[in-house]
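Both complexes below contain chain A, partnered by chain B and then by chain C.
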Partner chain A sequence: MYELIDHTENINRLLARYGVKFGIYKNSQFHEQLFPFDPLPRVIEAEEFEFLNRGLSQRVQALNLFLADIYSEKKIIKEGVIPADFVYSSKGYLPQCQGIVPPGKIYSHISGIDLVQGKDENWYILEDNLRIPSGASYPMIARELTRQAAPSTFSRTRIIDNRNYAAMLKETMDYVNTGGINVVLTPGRYNAAFFEHSYLAERSGAILSMPQDLFVEDNKLYYRQYGGSRLQVGAVYRRLSDEYLDPLCFLPESLIGVPGIMDVYRNGNVALVNAPGNGVADDKGIYYFVPHMIKYYLGEEAILHNAPTYLAFYEEDRKFILEHLNRLVVKDVSEAGGYGVIFGSDLTREKLEDLAEVIKAEPRRSLISSI
Partner chain B sequence: MRRLKFHYQMELTFDRPVKEHHFVFRCLPMEDRQQNCYGLTCQIRPSGRLFVLTDGFGNRTCVGEAMEFHDSLQVEASGTVFVDRSRETAEAEDAHPLFRFASAYTVPDEGLCRYLEEADRGWNREVGGDYLMYLMNRLYEDFSYAPGTTDVTTTAAQALAGGQGVCQDYAHIFLAFCRLKGYPARYVAGMMEGEGATHAWVEVYTDGVWTGFDPTNNRLADDGYIKLSHGRDFGDCTVDKGCFKGFASQRQNIYVKVEE
Partner chain C sequence: MGAISIEKADRLFWLGRYGERVLTTLMTYFDFYDEMIDGDEEAYRIFCEKIAIPDVYGSKENFQQRYLFDQDDPNSIISNMERAFDNAVVMRGELGTYTLAYVQLALDVLKGENGKADAPVYDLQQVIDYLNAFWGCMDDQVEDEVCRNIIKCGKYLERLDLYMRLGYPARSIEKEYSKFLNRLHRSGLSYKKDCEEKLTGIVGLGEDWKEHDKEALEALWNLFEVI
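Moving on to the complex of A and B:
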């Protein structure tokens, strides 16, 4: 492991050379930065890893069943397990997706579930990201480079290999593919995770395509090749958010979408990875109910627990929140990726009072956790 | 019950040719317990395949594309519909909870809330009658029908502030009122007996049934109305939607005829 520390600089240089970058939008300006490499790994022991594996699989399975239910019969609402308001006022709920059965009945193929280990050594779920989570490519390339820099670390230590991620991604796409090629759809160079899009496409053997490379004809999706010929597309790992995906179905002003793609998808003629409409399940307000979902759909207790969380929607919780606001973390339920998070301890008394007013006025909007 | 024949015709003309034109038409009536459709046809020129699908709200959509250069696009739809608004809808469909919430076009502003409060003060419980009928009548009296004053992006709040608009605006304002009052309400795009263009009205869910309110004409929707689609607002029910590649301005002509 010491070799790794010695090689930190080399590895960072290689990462820069490969363009391993991540972009952040701040004040509507795009800043791109290198992904910093930390040579000291967080070691998770095999037994614990297996435990996390079981817990996460259980959670993703329940979330998939929830999505299938919400976009069809909505039993979980009818039986009063989750209040209807939380589902229908969620920005992530897309009525356009009602009645669509995705190929393979899978909604969340790639789930980015954030875990945190508390001071009590227990693991907690921080949030679920089921729309277009980023991140898989960074440990992949970092592992590749660290193997080159310090091969002995890997021969002496028994480490679970992550180099099969691309093969698993390909397997996932092939499984839901309705006939045709696999593509990774990127909004383009100025997307925060463009490096990841290109890297995953290359590694999984899918074609990296820009929106203008795809078009719909006769209720099928095609990829435009050089020279004018075309290839049918059977699965799209799309890294474009729902609202921009199809100007005929969602935001009409979207210039980066593929017109008609939703109707092809609705007819079962292409698979979209992940399914549009998943935002309702990774909504931070719905997060509160995931343990109830696991119980409802699987008849099991949640293996991994949520971080202690309070919903301002419930009066009892609201009271607690307003009393302890300076020690809590407040999240806007419809934001993701670290946006819309406020730490009560950072605020002045005045700001705290303002925040309390917002919570009182829009109790549905805030989720409060103690970590 | 009535048997109505309808004919819908739309022509888009471009001043310069366009290509890769993708479109979605919601110009075929929907099927539910109050409407049975026969002999529905929908054709386009330049000719191409149209796919008839059902969207998330249960509306029929005709989707297709014209990939080659063209300077006009015509759509013609026709068919026969048996309409019976006396039949109950409740058994077949519960009020979707979504219709209780404000949607993009119906988010109320201060002015709209104030208008509703004032209207409420004028509502005399003792005189009786139906509150929603009263509300519709009031809107009908205060708002004037004036084509060209609003456009497809005008929201309920904007239209009410301007005091004039078309059927779409009447519908959005009435939707905003109903939802503020806690009634699930949905936007309806459709056609009315006679000749002209497409129409829009509102369905409100009360006592287990959906009732059609037509605030533009200050009356309830009856068997002379054909429903094309319903949704949260205009955005879900747009009759013609499309996008194309090309640098051209377009003109649209619509002709609708509904007769016995």
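Moving on to the complex of A and C:
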């Protein structure tokens, strides 16, 4: 494994050669940066990996069942497992998705579940990402290059190969495809994850599409070819957010959506990967209830636990939070991507008192974690 | 035939044009650079006139720096290379990561040498090498024939345009025109037959084509209806 450290510069040079970049906007200008390679891997032993595999599969299965329920009968609310308020006030809950059954009954085809290992060596779920989780391409290409740089690491040790991700993505798209080609829909060249969009399209054999390449006619989705002909699209791995996906259904000012695509989806004539409306299941407030979902839908105890979490909505939790606020991490449930996170230990006494008042006034808004 | 949208056909065509523009103008630049070492210091003015770019340089030194590396100069080599890259990067699926890498490498050389090249011909030979590697890799790796034909349509159209401006001999023009037509007819791109006929007539005149160079260039520019 130490060869990896010796070859860090070579690997970074190859990553530059292949344009492995991510974009950031700074002062309203788009800049692309190379993805830096860290030669030190986090080693997960086979037994532990298998445990994580079982735990993550269980969690994603329950989250899929939750989405199917929440956009149909809402039994989990009716039976009092999750308070209705947490579902309906979630920004990720989209009434436009009510009654839609996606092809293959799959909502979250690709799930990005964040894990953290505590000082006690136990693994905890930090958050769920079920909308358009990003990042699979970087470890794929990094693995390709690390195998070249340190072949003995891989011949001496049995390491699970992650390079079949694109084949699995293709298999997933083929499984839900309603008839037609597979496309990866990107907002465009200046999206932060454009490298990933183009790389996954290349590797999975899907067609990389810009929004203007797609159009709806007679309740079907088509890819417009330059000679005037068209190809029907059966599955769309879309890498743009729900709100921009269809200006006729969501934000009317969206210029990067495909008008009418939601109608085609609603009628079962195209698969959208992942399904619109998944945001309700990866909401920070809903996160608290995932272990309850697992019990409710699968009749099992959660294999992987949430990071110790308190919800100010419940009186008992609120009491604990207010007594230990200086040692806890407070997250605004309506924020995502690291925004709205406050570390109690960083606050002055005055600021802690102000925060306590906000929590008392808006208990639905705050999720508190001890990590 | 794979799925190629209007946007992608446009990108492929312009990738061909900008890639060729960098290659041919860089090689021509080398000739003029050599002339300016100990001959006509203002030879760059003839270069600008021939390839129809405004002479905004004012001196040999300024030209040698800005024409190669000034990203704010729309006619510079680096600006044209960036445009080639912008068109290539959205075509990763069609070109493949390994082919696309040569466009990235050519751009990186120009960016890396920016402002510090004291022997540019030696250093920039790498750009030519990478672009030639790109063309070779593209031929070998890109499976879709239509895709290859569209890129090469752009490439040979640009080469013809530059060769005509630079007054290349009839044999070279005939050779490039033949390669261009070969790709054009198999590209599926929509073009004007009358422009093709006019070009064929002028190119068929042998060395006398130069008497009709403006007409030839005009026919070339007006050949495509969409792109």
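Assume the second predicted complex is superposed on the first by the 360 of 371 C-alpha atoms of A that agree within 3 Å, B and C clash if a C-alpha of one lies under 4 Å from a C-alpha of the other, contacts with A are read in each partner's own complex, and residues count from 1 in each chain.
We take it that contacts are C-beta pairs under 8 Å (C-beta built on N, C-alpha and C of every residue); 3 or more make two chains touch, one makes a residue touch a chain.
This structure is a prediction, so every number in the text was calculated from the model and none was measured.
The superposition on chain A brings chain B alongside chain C with room for both. Contacts of A:S209 after superposition on the shared chain: chain C is touched, whereas chain B is not.
Contact with chain C, but none with chain B, is seen for A:I181 once the two complexes are overlaid on the shared chain. In the superposition on chain A, A:D114 makes contact with neither chain B nor chain C.
By the touch criterion defined above, A:Y223 lies against chain C but remains apart from chain B after alignment on the C-alpha atoms of chain A. Chain centres taken from Cα atoms put the angle at chain A, between chain B and chain C, at 100 degrees to the nearest 10.
Residue contacts after overlaying the shared chain place A:A84 against chain B, while chain C stays out of touching range. Contact with chain B, but none with chain C, is seen for A:R266 once the two complexes are overlaid on the shared chain. Overlay on chain A (Cα): least separation between chain B and chain C is 16 Å.
Overlaid on A, the two complexes show chain B and chain C touching no common residue of chain A.
Across the interface of their complex, chain A is touched by residues 20, 22-24, 49, 51, 53-57, 61, 63, 65, 67, 96-98, 100-101, 231-232, 236, 241-243 of chain B. Interface residues of chain A facing chain B in the complex, by the touch rule stated above, are 77, 84-85, 87-89, 93-100, 215-219, 247-249, 252, 259-260, 263, 266-267. Across the complex, chain C is touched by residues 16-19, 141, 181, 189, 194, 198-199, 201-202, 206-210, 212-213, 223-227, 231 of chain A. Those residues of chain C that touch chain A in the complex are listed here as 2-10, 86, 89-90, 92-93, 96-98, 100-101, 104-105, 108, 188-189.
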